[in-house]
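Below, chain A partners chain B and then partners chain C, in two separate complexes.
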Partner chain A sequence: MWRYTAKRLFQGIVTVWFIATATFIAMHLVPGDPLASDKAVSPEIRANLEAKYGLDKSGIEQYFIYLGNLAQGDFGISFVQKNRLVNDIIREHFPVSATLGLLAVVFAGLGGVLWGALTALYRNRLPDVIIMFLVILGISVPSFVVAAISQLGLVNLNTLLGVTLLPVGGWGSVAHMLVPSLVLGLSTMAYLTRLMRSSMLEIVNSDFVRTAKAKGLPPTRIFTKHQLRNAVLPVITVLGPAIAAITTGGFVVELVFAIPGLGRYFVQAVQQLDYTVIMGTTVFYGAFLVFMVIAVDIIYGLVDPRVRLN
Partner chain B sequence: MAESYRAEDFEPLHVDQATQTLSRPSLSYWQDAWVRLKANRRALFSLYIVLALLAFTLFGPMLWTVDPASQDLDQVSQPPWADRSATLVAPYEPWQGEPAEPGSGLHAAQTPNTQAVRLVWEPMGNAEGGYRIYRNVFAIGPEKAYGLPLGEQFDAALTYFEDRLDLKSASYYYTVVPLNRYGDELEGAVTREIAVRNAITISHAEKRGLLTEGHTAQVGDSITLAAHPLGTDYLGRDMLARLMYGARVSLFIGIVAPFLYVILGVAWGATAGFLGGRMDGLMMRFADFVVALPFLLFMILFKIMFGIGPGESGIMPMLIAMVILSWPATSRLVRGQILQIREEGYIGASRLLGAKTNYLVLRHMIPNTMGVILVTLTFAVPSAIFTEAFLSFIGMGVAPPTPSWGSMCNEGIKTMLTTPHELIFPAVFISITVLAFNLLGDGLRDALDARMRSRE
Partner chain C sequence: MPEVATDEPGFAKSAGKQLLTFAAIAVLGLGALMFVLDALASLVGSDSGSSSAIEPELNMVTIAFEDEPPQLDSTQRADQISGRVLGHVMEGLLAYDEHSQLIPGVAERWEIDALDATFWLRKDARWSDGEPVTAHDFVFAWRKAADPAEASEYAFMMHYLKNGEAVSNGDMPLDALGVQALDDHTLKVELARPTAFFDKLVAFQTFYPIREDFFRSTNGRYSADAHELLYNGRFKITSWVHGASMMMVKNEHYWNRDAVKLDAIKVGYITQDTHARFNFFKDGKIAYTGLGAEQLSSAMENNFHIRRFQDGSLFYLEFNHQPHRVTRSWHLRRAMQLVTDSGELVNRVIKLPGYLAGKSLFPVYLPGVKETFRREYGEPLQELDRVRALEHLELAKKELGVKEIPTITMLIGDTPISKTQAEYFQAVYKETLGLDVKIDAQIFKQRLEKMTNKDFDIVMAGWGPDYNDPLTFGDLFASWNRNNHGDWKNDEYDALVDIAQNSMDQTERMEAFARMQQILYDEVVLLPHYERGQSYVTHPQLKGLVRRVVGADPDLRYARIEADAS
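Take a look at the complex of A and B:
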């Protein structure tokens, strides 16, 4: 297990290096330079500015400085907002995105397992048909449409009740988080429901369930002890990619619900061509996702002994 | 006891012809798949929807020949069920106001229409500094949100106001608030709902081709404005035409990008799987790295890399970025298949008969992975359409004036409270397309590939 963990971590570091390099190359292929949008400056001032940001050095040199800074966890200074560190931006806005994402993953995971198990139990009966119809709908409707419609629903609900039961946008209290995280987790929930259903159907017909029935265990015990626990395993494997999908999907939800998360900040930085912020957030997000996937894999190894043996 | 054998005992048995014929005609793999797909009602229906969408975007513009970029400023943000009749009016003439009848309150002095709404009201006792006039599209609730401040009259004696600001055929809530001499708002605001009707001058109607040459229409007559089956957007552009042209961008990206990256993935995966050994490991490790790149962030980076700033259209960069970033999943799948097929007996037999590598790959390996590839392709289409819509929605994809379903949603969401049809129509089109491709993919998977068939 330790060897496996060490190997995966090493792979993760190499992957992050690859992401950092790809980002660096991509940003250096951008035509024009970061100072071009500034006011017309004299060559001396320009030279000074370039020296300040290290732009007067060769590409290779810049690359190594960049890697060195990254290794120390330093993402540089924002080009657009003077005197603002990219680290500060991430420190300020990432917790918001992470809270939202975490809540969405919890919703998606719990919902997916619950609905999936229900559809398998009521296979080809009314609950199954209704839930699977909703699942197909959840997969087919884009998240921004779901976000917009739920926001419209909130407005109507609040006017109907005459009080602000759940706020329409913004961030701060638990009430702010509920609807956006539900919207964010919806498509993943739909996907997990499908997965859970097929995995559950497979388990229902397995030998050990038949044995459990034969020795006279009550159905609820078979359901919780034998079926659910085994059926959940494949769901855990896709949780890593699901976290990735949810974090990047957060962009839209953050935009629609006016949540001050990192995704919204990234979109804003792209619109302002704030190079260091773009690079910093990309590498940070990339590293976060890579290590999330690794963490899920390691947890999977702990949960399911069969994986460790391979 | 000894039995004697006769000569006829050694004659061959009579061969029954019936046992030799097959009860059903022999079907090829693709014929069999087609039969199974036809039996799946849901998948077949999805296939029809996909075909209908293609017809909608390819032949639709021939039938509905409205330019998606032309503006109909008489009908801005009109839902399809809007009243399209308009009254012919005389050209605009300035209005000097008139006093209100006592006891009439706030009301329109003349028939309110989209040319002008002329308000008059009775003087208010407390209004020392005049009045401020507001307009709202929603009813005024207890929070007293009067809406858009239209203007002020800084003389309590001037109890009239003319509104010509961007009027549409709708109901407006006009509010007149009395002001004190410092311009602060006082109690005693009066609100009145006024329904505004479409109006058009004769010369303008002629210009727009609504009246034919030699017409005898007069002021006061009613005419019908240009038809917009799905309404108009916030710039008065025809939604149906925009949806048709938008479908081109969405479906082009949605079909061409997956097609290209599946080909790239097949080539990469087949090469890796066939070469095997060290080269295979190296190629697959590289694919793993590309998978790890945060997809949407790099889509956006690519856009910047191609020198396309925010607010500019970039269909090609979007396509290239999708191809570069999305191939690894397919390549992994194809490699797995190839590795499996490589060990099959018929490959060995073919090699024994002197088949060359090219022949093996093209004749045996690719055709045998075709089912998996086709299924991947069908599932890749909705995700590509989603990506395009997502990027256009956050303003990173297709930019105005080019319509795409995603950018239409982006424009529609801004006015979703007042004119929801601008958001709903493109959203419905995206959803139906994605739904159809997903169900078709399910059906194809069940029909084509026994190994991937969902167990039910």
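Take a look at the complex of A and C:
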């Protein structure tokens, strides 16, 4: 178990190093000048700016300086917000994205399992048909549409009631999180519902369920202990990447609901060629994804006795 | 296929009940989780809160920003959002009033002569910690702006001061810069050359004061957070949660505090999404917001108070005049000019309120001798003539020695409006002149890099004013200007820019600008497209919101809340 964990962690670090290197190369290959601005500056000022950000050195030198700083956990200073450390940006904004993402994952996980079990239970009957139709909608309608529609719905609802039932956007209390996290978790919830449904249907026809029935176990016990518990395993498998995807993929939701998450820095940095923020957020998110997958693999071993971590 | 368990009604029923129990537990669990998150949220985020757009009891207005202000160090600032915030919380020697007229700021009175200027500072001007604002604070800030180690984009503003250029290039020490404090309340400025508009210049944000001891106490984090900035303007920032919110409250140490009518301005939301901001406005959460084309009809349906104004920036097509470019041919440029109808572009393609058809490099609001420059001197007659355009096209082919004009590359930004515009001109030049135009759409930084490298035949560019004088546009096409991307050079034009820069006689200067305007038209250096307009909606109780082309915009410094009429 410990050996396995150590091995996976080492692999994780190598993966993160690979991500860092690939991002570094890709970023420098993108055309465009990170120091360009509306007003052309004199060569002297240009040279000073290049020196400040270390762009006057060769690419290889920059790479090794960068790796050295990365090893010390220092991502440097933003090109756009010239007095803000990238570490501060991540520290201040990641908790917001993480809170929102966590809530979205909980929504998605619980919703997915419940709806999935329900549809399997009522297979080919009305609840199944309705839910599966909604699932297809949830998967195929992009989040910016869902976000915009739900925000407009909130505005109309508040206007209709004459009071602010739920805030239309902003950040600060749970009321601000409710709708955005639902929107953020929606497509994952739809995906998990499908997964749960098919996995339930498979379990229902398996030998051990039939044995349980033959033994005369009460239906509630068969349902929870034998069916649900086994059917939920594939859901746990995809939950790890889903957590990372939800936490990193909140850009649109953050934009529409004016939420100060990291997603917006992640995307804007690329548009503004803010080298240090691009590197910082990409490596941070990359590491987050990699270690989330490892964590799930380890948890998987604890949940499923058939999996031996060797 | 064996019988499926779920088809037994008894099983489904009890399993369904079980599922319902789980759902109930899940909902309860979620409730508990939210309770915990609510407690945590107050630690990690800000409180956008539930305040309304207008809070008469608190005398507070809530607004939204498009973006986080990236730079509140006045000597480093280069963007509009930071300029908006700085305008509210800082004050220079001179300021602009609600009618955009120059008024005394920190300086009580001033004298500007040909080669020097003196400013007498008011004794009651104070920083937000109660200390007086002194002439030394200006000296420190101006030196910092010129300091090559600081690499400020706006260092060129200090070139108007004696030795300014040499200092900012690192050829002279900082204390050689032509500004000194004669005493705490007298600032003496030596100019590099006569500057007729120096009073307008010192209202610009690069010339704001910074107090040295406070700056040093922040250890390189000056202006990174609310408490790391010192304020001498009408408001001060009391809280700033990056990316989320900012609270500006009335500065009790401001010398003219009785004139400040609002007690607080709250930036409750920060998002680039115009539609989201419009939703906040509809929900009564913010007091004004800009409208895009998509929000316009909805705003009209709701009978909102729609207003419009020109934000001062001019958008135009700039040609590349380098010898290996087809656009070096005057006949080709003239042919394109004769079929370019900026009126049609604005009225039939852009179709947004507030946009004005571009007719000159100098937008309509720029001041002349007594009235606006354009009212006094007019603009060149805009000719449209397809037949003559085709004649010029034939001459262009001879001039270039080609049978057909090769494909022309048009460099543009990647915004929807510039794409629409580019496609319109692509069609116009194809239909009328048979020219092939290739559109090269690039994101902001890449477009800038291509402009700097002169990698285009024509480029769709824009320019906004730094100060309220025609020179802020006029010197763009001086041969020495780094923003003259097409390398156009004209000795007469350069001489005229020189007059405009050095003359103290406004009539002589305005005549120079009028001549420059004519040369630009005759030589077809640029094709003006439009002066950008903006439409926006305001809360009926918000009065005195000022929109400006130069300085903080939108400006709430003079705003007040009017009692509800209903």
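Some points to look at:
Definition applied: the second predicted complex is superposed on the first by the 285 of 310 C-alpha atoms of A that agree within 3 Å, B and C clash if a C-alpha of one lies under 4 Å from a C-alpha of the other, contacts with A are read in each partner's own complex, and residues count from 1 in each chain.
By our rule, a contact is a pair of C-beta atoms (placed from the backbone, for glycine too) under 8 Å apart; a residue touches a chain by one contact, two chains touch by 3 or more.
Since the model is a prediction, treat every value here as computed from it, not as a measurement.
Partners chain B and chain C, brought together by superposition on chain A, clash.
When the shared chain is aligned, chain C comes close enough to touch A:V96, but chain B does not. Contacts of A:V238 after superposition: neither chain B nor chain C is touched. When both complexes are overlaid on chain A, the residue A:I298 reaches neither chain B nor chain C. In the superposition on chain A, A:L110 makes contact with chain C only, while chain B stays out of contact range. In the superposition on chain A, A:P167 makes contact with chain C only, while chain B stays out of contact range. In the superposition on chain A, A:L55 makes contact with neither chain B nor chain C.
In the superposed model, A:V256 lies in contact with both chain B and chain C. After overlaying the two complexes on the shared chain, residue contacts for A:M132 are found with neither chain B nor chain C. Contact comparison for chain A: of chain B and chain C, C touches the greater number of residues. After overlaying the two complexes on the shared chain, residue contacts for A:L217 are found with neither chain B nor chain C. Shared interface residues of chain A (contacting chain B in one complex, chain C in the other): 31-32, 148, 152, 155, 159, 255-256, 271, 273.
Chain A contributes residues 15, 18-19, 22-23, 26-27, 29-32, 136-137, 139-145, 148, 152, 155, 159, 198, 201-202, 244, 248, 251-252, 255-256, 266-267, 270-271, 273, 278, 281-282, 285-286, 289-290 to its touches with chain B in the complex. Partner chain A is touched in their complex by these residues of chain B: 141, 288-289, 292-298, 300-302, 304-305, 307, 309-310, 382, 386, 389-390, 393-396, 409, 413, 416-417, 420, 423, 427, 430-432, 434-435, 438-439, 454-456. The residues of chain A lying in touch with chain C in their complex are 31-34, 36-42, 44-45, 48-49, 52, 80-84, 89, 92-93, 95-96, 99, 102-103, 106-107, 110, 114, 117-118, 120-123, 148, 151-152, 154-155, 158-159, 164, 167-174, 176-178, 204-205, 209-210, 213, 218-220, 222-224, 227, 255-261, 264-265, 271-273. Those residues of chain C whose C-beta lies close enough to touch chain A in the complex are 1-2, 4-6, 10-12, 14-19, 22-23, 26, 29-30, 33-35, 37-38, 40-42, 44-50, 64, 68, 70-71, 73, 76, 78, 148-156, 168-170, 220-224, 241-245, 268-273, 275-276, 279-280, 282-283, 285, 442-446, 448-449, 452, 482-483.
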